[in-house]
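Order of writing sets the labels: A, B and C. Residues in every chain begin at 1.
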Amino acid sequence: MLRFATRRLVRSVPVLFVGSFLLFLAVRSAFDPLSKLRQLRDPEVIQRETERLGLDRSVPVQYMKWLKGFVTGDWGVSVRTSGDVRPMISDALVVTLQLLVPALILATVAAIAVGVYSALRQYSVGDHVLTALAYIGLAMPAFWFGLVLIQTLAIWPQRALDLEEPPLYFVGLHSPGQPHSLLDTARHLVLPVLTLTVGLVASWSRFMRSSMLGALSSDYVRTARAKGVPRRQVVVNHALRNSWGPLMTVVALDAALLVGGLLITEQVFSIPGMGRLFLTSLLAGDVSVLLPWMFVTGIAVITFNLLADIGYGLLDPRVRL
Amino acid sequence: MKTVRIGFSRRTGRAMVVGLVAVSLFAACSSDADSSTSDGDSSSTATGAPTSDAPSTDAPAKQGGTIVIGAEQEPDCLDWIATCAGSIWGSYMMQITTIPVVFNVRQSGDDWLPALSSIMASEPVVTAGPPQTVTYTLRSDVTWSDGEPITSADLKYTALQIRDGEDILDKTGYNLIDDIATPDAQTAVVTFTAPYAGWKTLFSGSSGVLPSHILEGNDRAALMKDGYSWSGGPWIIESWKKGESVTLVPNTNYWGDKPKLDKVIFQFTADTAAAFQAFNSGQLDALYPSPQLDAIEQIKAGLSGANVEVQAASGNLEALWLNNASPGLDAQPVRAALAYSIDRAAIVNKVYGPLGVEQPAQSFFPPILSAFGGQDFDVYVRDLDKVTSLMTGDGWAKNGDGLWAKGDVVASYRITTIAGNKRRELMQQVLQEQLNEAGFGVTVANASPADLFGTLGPNGDFDLGLWTLVTTFPDPGLSYAFDSANVPSEANEFSGLNLTRTNVAGLDDLLRQVDVEVDEAARLAATQKIDQLIAESVTSLPLAAVPNILLTAEKIGGSTSINPSEGPFWNLEQWALVG
Amino acid sequence: MTAVAGTPTGTPTRRRSSAWRRFARHRVAIVGLVLLAMLAVCTFGARLVAPYPPNDQDLLLGATPPSSAHLLGTDELGRDYLTELLYAGQISLSIAFAVAFVSTVVGVAVGAIAGYRGGWVDDVFMRVTDLFLVVPGIALLAVALQGLGRSPIVVVFVLAGLGWTTVARVVRGEVLSLREREFIDAARVIGNSGPRVVLKHVLPNLAGVIAVNVALSIAGAIIIESSLSFLGFGVQPPETSWGNMLSQASGLVGTSKVFLLYFPGLFILVTVLAVNFVGDGLRDALDPRSETGIGGRR
């Protein structure tokens, strides 16, 4: 088990390095870190910054220099804000996780419930309805769905009930100027979490359904049934145990990508997380933030994958790691 | 004096960031409104939307209370004179409210002009020289929020920081300062190395006055960029939570009228649709949306419980910029024919009509500087017969595709604007249609702001451009954009901003006269002549003044209005809750 | 890591005919197929079908709600919205089909070679696809589009550049299991060359997996293109796609012109649903055990 994890880790590290080098290359060729300063038309400033950032040296040398800084905790200064990059990313990460964790938990539970139901009642009316809903969920662009949710769950109830303020908020994660309270945060979280959850449940429940169907038709489940084990017990002990392992892998992979992939949800709901940080930095050509950003999300992906593999081993008795 | 923020350029840093951050771009900035001192709304236009009247000063205003204002953009830093500053929203929210200046911009008749601020004891005294000098006299009873007086040392500190500093957003004017003497705590004498007609922009507009007793000898950038707790204005920055909000509280040591509200919170909103919904639902008490189409639609649809103020007479001039070096466009008759092909009134009506802006701009001086210009462009109304006679007169004939051609040259042009700006993209499509009908081929070639103003513009790699010139401080200098010496070239290290390659006989001298002429009457005569010359030679075509819009909830009264230069929050201390 | 190996049985020919029967029984899939065909005919035949010429402006008219003259109303510039939607559909569908085509061809080729050859070729391939899994796709897309411009061609190649890895992983998994089967062994034993075995014997057995992935790619591309449009990285005017029209109208929620937001959304919804139905039918028909799911929508 430990050996397996170590092997995976050792194998992932070069991927991260090669990947970050390629990204470094791509970002460096697509963006000029001095573009903003160049507008000052001051050759001296350009010269000084070029030397400071080592832009006159070859890309591999620059990369090594950058990497050394990154590993030792010196992530540099943002070209856009002149502030330290590290707190910018860690602040954004915390915000994103506040949104992501509830969404993941909710989506996983819902996906398992829907998937199991659909598998047990394959081709029933309920299965068809859930399938149709999943497809509609997958066919709606997230920003559109977010706007629809704002309209239906915040604006309409407020008008219908003639409330001072909407029951659910949709700007930011807290009401500014008020002490943070759990209720306030929850009222801000519901809509973005729902926006996020619908897409996830739609795709995960389909996965769970087919994985569950596979398990239900497997030999050991049939054997167990034949031996007279009660249906409920078979479903829970055999089929379910064997089908959520694969789901966990998908959940972990998606979760990791979502750490940096919430661009749309964060944009619609004005949440200052990783996705917004990425967009702002990209539009400003702020290479100094984009690179560590990608590195951090990359590390998140690798970590989550590793956790998923380990968890898979723990959940699925058949897998020997 | 470069008082102008433009899509490119000197204020570039600023304008550029504005453009980049809000996909709504350069035009995102600006504003308008009637000043609190004028009793009319000479510059405001009521919208057709079913809204209540603008709030008046006699509404029963309460003392105290908190409001939340939606902010479309977040500044990158608060070190106002540095390159990382440059967000117009940053200025509106935190610079105007905390940094004292020598000249404010206030309404005077139809125009917005520099007006002496309350830190000054008397009008500065200018001697033409040479060398030109300006003597500033400060009031002795004005203080920073910590009780220390605002002195001539602060002027000196600020001027030298800008003149000698690194990574400065805009050194214009300050780089002409030879010396600044401080004979006493209230007097500062600035000596220039060359005549400088735009001296009123110093310590005003984007720079202001910084507290030397706090900053001198320290790392100014480090002390200011993430926010500062001192103030020389009516408000103090209580907090700036990145990505979330900015909170202002009253400066209890302010010498003038103190704020009526206890707290003003600016909350950053990323999505226009969501921001409007938040305003409608009472989560936000005020909005200052850039005049994009969806914002206009939302206003037309009628916002519940809102006051809508629209200022048509803004400092933002949207124009069709012609590259005077492009084949064909280098000839005046072709440029004139192009101007006669376009129904500017229809375009303006389509885009801004719902806001009450129906007339195209007829001058390169924006409405806030209307006194300096004329109406010389009003001859250019759509007239396809005239297009034909101008083109055939210049030796052009329509080719097989129905496009004008002369020798090898076909009158087919690229039109470039900033990608992602819905309003401009719409205007572009209308222009394309109208020009096509008149026999001009048009293809869309949009670019990012960085590419447009960093590469395509300086290299002359465009034919027709659609962007907005934003005037933030009322000074009529136009030489940066129309003087042939400022055509980007090796000589000026491609830093010139005459992107249109305008080169009209006699124009350069007039433009330069405006830059150095200290006599106001002579300056006025010159600017009017300039407008006339530009119109005759049609080096570019003004389209419209982009209106500014301020939305406030009914519960906000006091006196809300837009200042085209200082923004909608210039008199935030007078805002109050009513009822 | 999400590839699930199917277990095709029997010879390719028998599989295909029985698969078609199974597909034809899948009523929803047939409905999807008919819908798709109609959409394709109407959009690509817009010149004949559309009620008005494209980009036919009427500034005075402006945006109007649906009427008998304009079935889906008109947009800001007074253009017939149905006409604009049909022409925009050409771009949306072209992008989607092109992305599916490019990513499938590349993905199948790479996946088949890696799976069949194994060894270091496979190792290299696996590491390369790992690279693409490390950074969120939408972020990569935005960087690429920011750097390369936003013409439809660029959008296609950028989307395909990201999409091929999924296909390749699935195909590789299938090939790995196929490689050990008797009929492949037999083909090898009687002296067929490697490429020939892959082309003649391995690929035909992957028809199901490939078809399903084509459907998934098409649906994914349409959704991702609209999301990119919303973020400002999609196709730029004067080219319009459904996603572009949708994001253009996103600010109209709560106004009388909200119909401008509904119709492109409806077209996207119907198209993606239809594609998914077809994909579902293909899956059930060809490869009942493979996984479901489309990524990349948030």
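Throughout what follows, a contact is a pair of C-beta atoms (placed from the backbone, for glycine too) under 8 Å apart; a residue touches a chain by one contact, two chains touch by 3 or more.
Because the structure is predicted, anything quoted here is derived from the model rather than measured.
Counted by C-beta pairs in contact, the busier of A-C and B-C is A-C. Using the mean of the Cα atoms as each chain's centre, the chain most removed from chain C is B. The geometric centre of chain A is 40 Å away from that of chain B, both derived from CA atoms. Averaging Cα coordinates per chain places chain A and chain C 23 Å apart. Rounded to a whole number, the gap between the C-alpha centres of chain B and chain C is 45 angstrom. Within chain B, the positions touching two or more other chains are listed as 23, 271, 273, 277, 280. Taken residue by residue, chain A touches two or more other chains at 147, 150-151, 155, 267, 283, whereas all remaining positions touch fewer. Shown for chain C are the residues in touch with two or more other chains, namely 146, 250, 253-254. Put simply, chain A touches chain B in their complex at residues 35-41, 43, 45, 48, 80-83, 88, 91-92, 95, 147, 150-151, 154-155, 158, 164-166, 169-174, 176-177, 266-270, 272, 276-277, 280, 283-285. Against chain C, the residues of chain B that register as touching in their complex are 23, 271-273, 276-277, 280, 292-295, 297-298, 300-301, 346-347, 349-350, 419-420, 422, 425-426, 428-430, 432-433, 444, 446, 448. On the side of chain C, the complex with chain A involves touching residues 1-2, 4, 127, 130-131, 133-139, 142-144, 146-148, 219, 223, 226-227, 230-231, 243, 246-247, 250, 253-254, 261, 265, 268-269, 271-273, 276-277, 289-295, 297-298. Of all residues in chain B, those touching chain A in their complex are 8-9, 12-13, 16-17, 20-21, 23, 66, 68, 70, 76-77, 79, 82-84, 166-168, 221, 225-226, 241-245, 247, 263, 265, 267-271, 273-275, 277-278, 280-284, 450, 453-454, 493-495. Chain A meets chain C in the complex at residues 12, 14-16, 18-19, 22-23, 26-27, 29-31, 135-136, 138-144, 147, 150-151, 155, 196, 199-200, 203-204, 206-207, 209-211, 214, 246, 249-250, 253-254, 257-265, 267, 278-279, 282-283, 290, 294, 297-298, 301-302, 305.
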